[in-house]
Amino acid sequence: MKRIAVLTTGGDSPGMNAAIRTVVRYGIYNKLEVWGVFRGWWGLINEELKIFDHRSVSGIVNQGGTILKTARCPEFKTEEGMMRAYNTLKKYNIDGIIIIGGEGSFTAGSEFYKRYKVPCIGISASIDNDVNGIEMTFGVDTALNTALDALDKIRDTATSMERIFVVEVMGKESGFIALNVALAGGCEEVIIPERSYNFEAICHDIVEGNLRGKVSWIIVVAEGAGSAEEIAKKIHEITDLETRAVILGHIQRGGRPTALSRRLAILFAKEAVNCLLEGQTCKAIGLTRGEIVRVDFETAIQKKIWDVEGLYKMVKVLT
Amino acid sequence: MKRIAVLTTGGDSPGMNAAIRTVVRYGIYNKLEVWGVFRGWWGLINEELKIFDHRSVSGIVNQGGTILKTARCPEFKTEEGMMRAYNTLKKYNIDGIIIIGGEGSFTAGSEFYKRYKVPCIGISASIDNDVNGIEMTFGVDTALNTALDALDKIRDTATSMERIFVVEVMGKESGFIALNVALAGGCEEVIIPERSYNFEAICHDIVEGNLRGKVSWIIVVAEGAGSAEEIAKKIHEITDLETRAVILGHIQRGGRPTALSRRLAILFAKEAVNCLLEGQTCKAIGLTRGEIVRVDFETAIQKKIWDVEGLYKMVKVLT
Amino acid sequence: MKRIAVLTTGGDSPGMNAAIRTVVRYGIYNKLEVWGVFRGWWGLINEELKIFDHRSVSGIVNQGGTILKTARCPEFKTEEGMMRAYNTLKKYNIDGIIIIGGEGSFTAGSEFYKRYKVPCIGISASIDNDVNGIEMTFGVDTALNTALDALDKIRDTATSMERIFVVEVMGKESGFIALNVALAGGCEEVIIPERSYNFEAICHDIVEGNLRGKVSWIIVVAEGAGSAEEIAKKIHEITDLETRAVILGHIQRGGRPTALSRRLAILFAKEAVNCLLEGQTCKAIGLTRGEIVRVDFETAIQKKIWDVEGLYKMVKVLT
Amino acid sequence: MKRIAVLTTGGDSPGMNAAIRTVVRYGIYNKLEVWGVFRGWWGLINEELKIFDHRSVSGIVNQGGTILKTARCPEFKTEEGMMRAYNTLKKYNIDGIIIIGGEGSFTAGSEFYKRYKVPCIGISASIDNDVNGIEMTFGVDTALNTALDALDKIRDTATSMERIFVVEVMGKESGFIALNVALAGGCEEVIIPERSYNFEAICHDIVEGNLRGKVSWIIVVAEGAGSAEEIAKKIHEITDLETRAVILGHIQRGGRPTALSRRLAILFAKEAVNCLLEGQTCKAIGLTRGEIVRVDFETAIQKKIWDVEGLYKMVKVLT
């Protein structure tokens, strides 16, 4: 292993720059030559890459986004696309690649390895925290804090104006952000893809609470479990109480990474370089049981199952 | 003037608590008895008020929202409603009222004074900054910083994923927030109610920029000038470039007030108490030309006209 | 177990209010009567306590500090003091106590249990993260982010003015905060109580770096490992380069708890109530290997040993 | 006027990058060639400068610090130094310079103009807000918010532990930051260079308050009016109450500029370019009475006198 490439794929995630910096500097420390590939797989296919030295990654450890850019790349799903990517690697004598991304990126990496046998290690970066076998990806802590900060602000208005708010947070297939911010934000209800919900029961609770004098509610909904707009509209129709929808959207992706997001990004990246040095391939790096772990891509791309009942019950007990 | 009442009306605005605290403590310092009225005009009509002492307002100077709550009150627009409010004031021997709110609140205060001659002073609290004759209300600085912080985060993704973002900020009749955050956030375009825009020209700019290699754009739109969702959709249809909409919504109302919001809230509140002590009525307090000023309600409730061209031109020159 | 008391002791830690809220509400949910004791042990001795209901803890989940207050209490170290505390518990028929605090609080709780056999459970709240057997207390994540945010700001000046900064962070016996913020902040050097350092080598590095053109440095020092003022002075004397000291101090204790601090505070508090319900005593609750764990007070109050070399090496490799 | 230079001098101030970006882009828009000079006057003397184009200032509008760096330059105070600086300007055919800095920078610019008649315009950037004739420089709003955020955090501990805190903020000759954060932070006392204080009276207030049950105090002190450490020590000696000192220090310089700091930086920079285009010289640009103003260097470098009594009285009335 003499020359490696690093790329960021999928949606950006806070801490990607801290991870890139570590791959580059820890790679160089281990006598590797490190190439930065721009716009994910697209850059491999289109030969957009550059050798990185120590100074190429100065001043980025605390920056959101990714200096390598990221892009969707349908072409990489074709045989033609993968072959062109492989040709680039061969041309530059690159012996291994590190992908910083989520579950979709690991699927692509897996397919690519099957065909061309270029060792490939993944760093779990998703803000949805949806990589199977891994308890925590690096970006999710920042997204949680951004969403929580927004909830704290909305709470000011919910309390002052005595209104019901339905707040949509990120999470297409995972209620991780929704459940955690509902718990930490003292929210009254949370709707997530992992569990069905009884809309009538929620409205009943609200009406009953209202009779007892409880006049402000925050209901958090994961984007994959419903639309805040529609839920707000339906609650208003049934309860006749003033209800507002807020969709937090893309603010949850950006921003300076938190201490934990940076720490994990750095330690995952170190482990990824070590994996390549040890001759491994098709491993996703993440945090599980407080340890940095390596999980086979095969496992990582399965649907993640996790127990939501304990946290959900606490949300309800505490409000 | 021996007994005064203070109430918050309309949407909540960061700094309301700092203003309430000042009315109470500066009022007491001036030998006034200060009554806090809950839920705006509704509380006057329904006799929900309480005498406040020095400790009633402890620990709130840095809190968002309003401890007095706020509510819409259609009943106050009726003669019956106003009479009941007046009866409450008479019953409690209250000699003057301070309203913390926006342009709508001053209209109501004005009507009320015409009928019942209870001196009434307004403190400009709107986050839309839409009080005529006043350059700055107290809440707008916090809203600006919240919106700007969100834009900075969105910029991370816009740059990393090379996308177009249309970001909707508050401002039903005013482009104040939109224009200022577009300028301070380095945004490429801004759409506000105060000036018409040429949609084709914007799309043309984007396409032309794209040919030169400019791949990320942020377009800020004031809610009163259009819908981010629709604008994003139309841009995508015309340019075929990936475009996303973000609606910042209610996060712009809450949160800890900034240094400037607190300073203005405090100084406006002091001036409001002084007005009542001097026997004045129907004045809105705000900041103009760097000074705390008193503007007649009659003027304050007119449509605010301000020059947007200078700032708009700078937004365009700088990107 | 019918009646329990909760108190906060030692320095305040962000998340204490989230923990109090959980003890109260989860306690009530489990049919317990919950008493809040003010000012730690002092409140037990002086009979300053109050029954708490669901609403006593409204609106505090996101507040720093502790609504129960905290105080040093040398009197509790005497037999007389402990007896008076016990008498209060007897008088109020309190069957168990939950202490939210750090290692010192668990020592006191342990002594008290030996004498009076009142079950006593501790929730690890220290921002120094110095509870043995526990990888993470609940407050430390907020302290880390506050310190990191300060470092990011100092970096702006260090880079612009090309200066050396020595930044002192919390940690009397632990380099946890220092090491983690140095890693996440991209700092050049870190001095901690757990490892000796070679002052001449550091100055040599600085001078050598300076010759290569590296003109700004940030050296993080844990308060228990040295004084920023003195280290800055010595560096200036030896290298003749402009060097400044910054002592972050108490800002690291306060502030809104982060998502992780709140999550841990809530889950620790739930576990503490469960412990009492199960008839346990003298356990400190914390996070280890990603799990909520119970550690005997005896273990918890030992000096914490943890491996700092791996993280320290990464700090050096990455700069 | 065809070619201008821009430099940053003195301590860095949040918004400097927004100002540089505006000078460059608004300059280019006005057909000027703009040169960036590194490390202030030092860069002029040592010929460290570079032509800047539109892209040279991309992505910096929200960054703290200054991409042009800044440095003290004693050499510029000598005739020799000024001559070398002038020679550089002549060599590069530069017709005018824009200095972003504080009062010291304007003195230097004034001296330089007297000798070499190169038009020179200053942009007021000091975080101390100590430019005479100007009510607000651009960096001070960010410094105020950073200091206020720190005070809010310290308040959590002051209230929880019932302690006295003495907090030292920036301001060598000006109490602007101290007075404003004391007012906005709800602090009990403030000590500033502009007014003498009676130490015995302060201690008397504390003791008397303590007897009434007031147990936490925050005293803000401007660095030019005393040392937090010494004041804390003396208060403890006299009152025997637990007192802690916190020195906020350099965190007040850095960080992302607030909305207002960016707005002012941009508008000041535009005005500075306009001044040069109009053939003016020796003007400091700032905000007064809500307007962008031009003040003669001669006036700007006088000692600033402003009325502190009104704000000071409000601090005392409100606590």
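Should a chain be cited, it is by its letter among A, B, C and D, assigned in written order, with residues numbered from 1 in that chain.
Methods note: contacts are C-beta pairs under 8 Å (C-beta built on N, C-alpha and C of every residue); 3 or more make two chains touch, one makes a residue touch a chain.
None of these values were measured; they are calculated from a predicted model.
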item: For subunit B and subunit D, chains touching each; value: none
item: Chains touching both subunit A and subunit B, listed by label; value: none
item: Most remote chain, CA-based centroid, reference being subunit A; value: D
item: Distance between the centres, which are taken as Cα means, of subunit D and subunit C, whole angstrom; value: 35
item: Averaged-CA centre spacing for the pair subunit C and subunit A, given as whole angstrom; value: 29
item: Distance between the centres, which are taken as Cα means, of subunit C and subunit B, whole angstrom; value: 39
item: Subunit C: positions in contact with at least two other chains; value: 152, 155, 159
item: Touching pairs - complete list by chain label; value: A-B, A-C, B-D, C-D
item: In the complex with subunit D, residue positions of subunit B that touch it; value: 18, 21-22, 25-26, 29, 59, 61-62, 135, 141, 144-145, 148, 152, 155, 159, 180-181, 183-186, 256, 258-260, 262-263, 266-267, 270, 287-291, 314, 317-318
item: Residues of subunit A defined as touching subunit B within the complex; value: 8, 11-12, 14, 16, 39, 63-66, 69-71, 146, 150, 152-157, 159-162, 165, 244-251, 253-255
